[in-house]
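What follows is chain A paired twice: with chain B in the first complex and chain C in the second.
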Partner chain A sequence: MISQQITLLLISLILMTSFLMLMQSRIFNLVKLLIWQNILLAIYLTLQLFYAVSLELIISLSITFLVKIILLPWLLWRLVSYLHLSGRIDPLINKPLLMFTGILLTAFAFIISYQIKALIGDQAVISFSLSLANTLLAVLLIMFRKKAISQVIGLLVIENSMFLLSITLTNGFPWVVELGIGFDILIGFMIFALFLIRIRTTHGSLEMRHLEKLKETV
Partner chain B sequence: MIENLLLYGLLLIQGLLLAFLAPLSIGWIKMQKAWLQNKSAPPITQPYAELKKLLIKQPLVAEQASWLFLMAPYVYFACLLSLCFVVPFIWITGLATAFIGVIVIAGILTLARIFLVLAAMDIGTAFGSLGARREMFIASLSEPVLLLIFLNASLLTQATHLNIIGYFFIVHKGLYPGMIFSLLAFILVMLAETGRVPIDNPATHLELTMVHEAMVLEYSGRYLALIEWGNAIKFIIYLLLLIVLFVPYGLSTSLGAGEALLSIIAVLLKLMVLIGLVSLIESLNAKMRLFKVPEYLVGAFMLAVLGILLTQLLGVGV
Partner chain C sequence: MNWLGLLMLPSIIAILSLPWIKNREIAARWSFILTVVSFLIALRLIILVYSVGHAVLYANQWFMCDTFGSFYVLLNTFITMTTAFYAMGYLKNEYDRSQFHPLTYRFYHTFYHLFTFSMLLVLISNNLGVMWIAMELATISSVVLVALYQTTEALEAAWKYLILCGVGLGLALLGTIIFYFASHHSLVSYQGLQWTALLKIASQLPPKLLEISFVFIFVGYGTKAGFFPLHSWLPDAHAEGPTPISALLSGLLLNVALFAIIRFKLILDQTAAHHFAQILLILFGFMNLLYAAFSLLRQHNIKRLFAYSSIEHMGLISIAFGIGTPLAYLAGLFHVLLHALSKTAAFFTAGNLIQVFHTQVIKRLRAAGVMTPLLAWLLLLSSLALLGLPPFGLFISEMLLLFAVVQVNYWLVIPLIIGLSLAFLAIFMKIQAIVFSHSSEIKTHNFSFKHVSNWPILLHLGLVTLAGLWVPLFLLMPVIMFFMGKI
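Let's look at the complex of A and B:
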């Protein structure tokens, strides 16, 4: 009973960090919130370990810890400092509208997941809907920002929520897959970082509107 | 009969005690802020000394002032004093909690604010009406959030009275994810409504950015004393609302002396921690631009809505 409550609380807190990310306009705050989200995810995994010890979970936990709490935030921090991105990034639409869209998406996720309640059971549906809402919020975070760096952060949030979805629905991946995903994210991040640096040297800024000019005219 | 009289007497004493202890909260927060800035702090009883000074001074009233200007501080203080008898402090119930629900609490807080705003506009100075407009601007955004937070608690507990809500949370101990969102929203709203730093600076009289101080600029003497005392009461009422809605554990539910003692210790500890938190927030943040305030309060609003959504999703039984 209490374990369920703590689990739900943690997932809700993860959702809350995503929601707070939508509200933030400073990049450093975004990175800090991402670190908090990863820490919450690691606590969640540790709790799972507490109930059912398995080698898969231990390896999964250590990979998560290494990649998500230590390596990625550090790299992100270095990238943000390297690109001198300490300022504000305002969303494309105004913030109240953005947050309202977030609320609508959350409600949408709740409704959608209740459609498959019979399939996955009463308890899983709550965690499932929260993780789904988290994913949708991350998509929102990617879509409505002017600068390319928040796309990277949004991608990492999506990865987190996918991870959460997989944990709530299954008993965990095989650890080889876990390792693969971890490295995938790292490599993806590297490519993104390189891209960002290239974009900045070519265009002189990371504003998305410069990138839109690359479109071919039809 | 005798027991009832004893009960009412105790609850009356509780309310009066709350009203008299309220300036201590302001003293404590000033001490904490001074410590955080590496200054030597004024004694914790400093607000009492200031109140005493203001009470013996002769009040000066502007020539254009109407009766409204003279009435407003009394109404303001009376409204907030009446809330002292509603909010649980030592016992889970106040003298009037049983017939004043949470919506009326929000209403009384609004009434107090309306009178202060009217008085500020009455005198006709630029500063007064500027502060009044800003106050209403902030209030119109923060009050819906407060009501939504109350709604969330009411949906969970099926009650609209603070004593029943608090009792529900004491009996059904648990982690309510919906209430966590409401807690965050409540902290944001509390800072806005009590005029704390990200929204307003209570320590300044000399800035164009001031909100609350601009309204009471024309008051002096005993009128100002009543308003200052009212502000202290308002601050402690918000803190106690936070305690009863989110961490009511330890509030005394019976008339026993031991339990009451425990409750006093618990509530004082909680107040000290909460005020410490507020002073930390105040010291770490700069004052926000006025046109950034809607974003901040809309964020609080959305968090409150999300809390209600979560409560609906999870249900009470979790």
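Let's look at the complex of A and C:
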């Protein structure tokens, strides 16, 4: 019973970091929060080992560990310091409104998942709705920021919630699939980094207003 | 190693060898030769699958090629081959025009094969997780190709493509996880994502969960297929990438994304949730058709024009697959085949014209009929083929679709007719202005234009005309029998 409460606490903490990211306007803090979220995710994954120890779970956990806890944060940190991103990015709409939208989306996620409560069970339904809410918050994070780097961070939060969901619901994918997904995310991130560097050398900044030329003209 | 394993070999050889070939001509030829080999293997594979009548499996059932898949594999390898042939001439002209860095060519060829290989992987993977991975790989590799010119616009288009499809694929993964959850009580771990195993036990899966997961899968892969609210990456990516890549994106990638949705729909068809998938596909199909038809009217860029036409045709195909009667499946599959062929022909012609006039803007592409008569005729014919005029095959497929829609509900014919005629008007108006106009100011840029780069266009148009005169039922019927056998 206590272990269940601990897992719920951890998922809530992960959701809370997403809310904090939504409010945060300094890029450095945004990256720090993402790293915190990854660490919380890692603790959560290790806790799953106590429920059922199997070789498959250990392999898939170690792949996730390597990619999400070691490689990605390290690369992200390198990227941020390479690009000298120390400025502020304010959301496009004011913060209380953004917070309120986030709360509404969380409530929406709960409403959706309680419709399938009978199918996934009492315990899983809360974790399911919290990870769904985390995904929706990440979409908010992508939509309401003006800089390209925050969109990348938003995508990484989406990936985090996918991992959370797959572990909560099904004890993870088969390890071959897990390996492929981790590899894809890593390659994707590197392409992102190359693009950010490229956009910066062309425009001198990462403001999204430089990337709004291809509008439909009537 | 059976034929299915062999099918992957040419692409893998290409990905490993092409980064090291420095000579541009040799690299382009080597790339073409490998695509020919891959097409021949696909031909052998489809004959095998059609004659045996059941799926070919490989590597402990991780890969599978059934009649549905082999039809797409054949189409994919064929277009990969003709595009590689077209690219030989195109890249040579492009080199004369814009002085690429030599490294760009190696980049282009390697990522070209990575892109087509990952699409092939989507078609032959039996595991829904592997399918997602291949789709993500296809996105990443095509983003690099879209940004190949490194101009401001190309970077912007590629960035938009990457972010939108990244979010979309994240949602598709969410859907896949829920799907896996729905099945993991009935199947042992690794089988829970296996398509063939899922199909057998489909009726035991809880319909409500399948519905929720299908929504996410539809939105996710639908982003890649260019469905209406999340389509905005599509015209930009088509317009800013190199022309062979626009052709591949339009002719193959959109089809492959729709293929992934249909794979899930086939499982849903066996359960109580089948109406849900049907309604979703038909609804978004009509939205796509009407939105694209209205947007076509205000396009000023020839490649964007053809990109919006792709959104329209994806809508038509989605309506056909959504209806799901044998007649509708025939219309849908036939449309997939012909749209891919004629859209690539249209993009090839547009690419050649752009190289002659050095612009994509329709207003400045004037007097093509006088300056480059052959290209002007090819442009006219390929856009008429796209619009579904009688000698061409799309006439028959759109006619069949109309009949299939009448069978379901004859009120639906009205938006279909409105969409089709608006699209006809918009494209025809713009293309005839390019072909039949006179202008004294505009001059073409002189370079030695080779007829070779028109061969693939002629081949595609010839095939589309042939299909209009003699419907290739031997190719389509086995797939329809396969669909019907499942329901």
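Basically, the second predicted complex is superposed on the first by the 215 of 218 C-alpha atoms of A that agree within 3 Å, B and C clash if a C-alpha of one lies under 4 Å from a C-alpha of the other, contacts with A are read in each partner's own complex, and residues count from 1 in each chain.
Everything that follows uses one rule, which is that a contact is a pair of C-beta atoms (placed from the backbone, for glycine too) under 8 Å apart; a residue touches a chain by one contact, two chains touch by 3 or more.
Being a predicted model, the structure only gives us computed values, none of them experimental.
Q: Sharing chain A, do chain B and chain C clash or fit in the superposition?
A: Chain B and chain C fit side by side in the superposed model.
Q: After lining up the shared chain so the two structures overlap, which partner does A:G188 touch, if you call chain B first and chain C second: first, second, both or neither?
A: In the superposition, A:G188 touches chain C alone.
Q: So, A:I58: does it touch chain B (first), chain C (second), both, or neither?
A: Once the two structures are laid over each other on A, A:I58 reaches no partner at all.
Q: Examine A:G180 and indicate which partner it touches, taking first as chain B and second as chain C; both and neither are also allowed.
A: So A:G180 only meets chain C here.
Q: Thinking of the overlay built on chain A, is A:L119 touched by chain B (first), by chain C (second), by both, or by neither?
A: second
Q: Is A:L66 touching the first partner chain B, the second partner chain C, both, or neither of them?
A: After superposing on A, A:L66 lies clear of both chain B and chain C.
Q: Looking at A:L92 after the superposition, I want to know if it touches chain B, chain C, both of them or none. Which is it: first, second, both, neither?
A: The answer is neither, since A:L92 touches no partner chain.
Q: Is A:L47 touching the first partner chain B, the second partner chain C, both, or neither of them?
A: neither
Q: See if chain A has more residues touched by chain B or by chain C, and give me that chain.
A: Higher number of touched chain A residues: C.
Q: Can you give the closest approach of chain B to chain C, taken over C-alpha atoms and in whole Å, for the superposition?
A: 20
Q: Both chain B and chain C contact which residues of chain A?
A: Common to the two interfaces on chain A: nothing.
Q: Can you list the chain A residues touching chain C in their complex?
A: Touch list, chain A to chain C: 56, 112, 115-116, 119-120, 132, 135, 139, 142, 148, 151, 155, 158-159, 162, 165-166, 169-170, 173-174, 176-177, 180-181, 183-184, 187-188, 191-192, 195, 198-199, 202-203, 210-214, 216-218.
Q: For the complex, give me every residue of chain A touching chain B.
A: 2, 4-6, 8-9, 11-13, 15-16, 19, 23, 95-96, 99-100, 102-103, 106-107, 110, 126, 129
Q: Which part of chain C faces chain A closely enough to touch in the complex?
A: 127, 129-130, 132-133, 136-137, 140, 143-144, 147, 150, 152-153, 155-160, 162-163, 166-167, 170-171, 173-174, 177-178, 180-182, 184, 189-190, 192-193, 206, 208-209, 212, 236, 239-240, 295, 298, 300
Q: Can you list the residues on chain B that touch chain A in the complex?
A: Those residues of chain B that touch chain A are 174-175, 177-178, 180-181, 184, 294-295, 298-299, 302-303, 305-306, 309-310, 313-314, 318.
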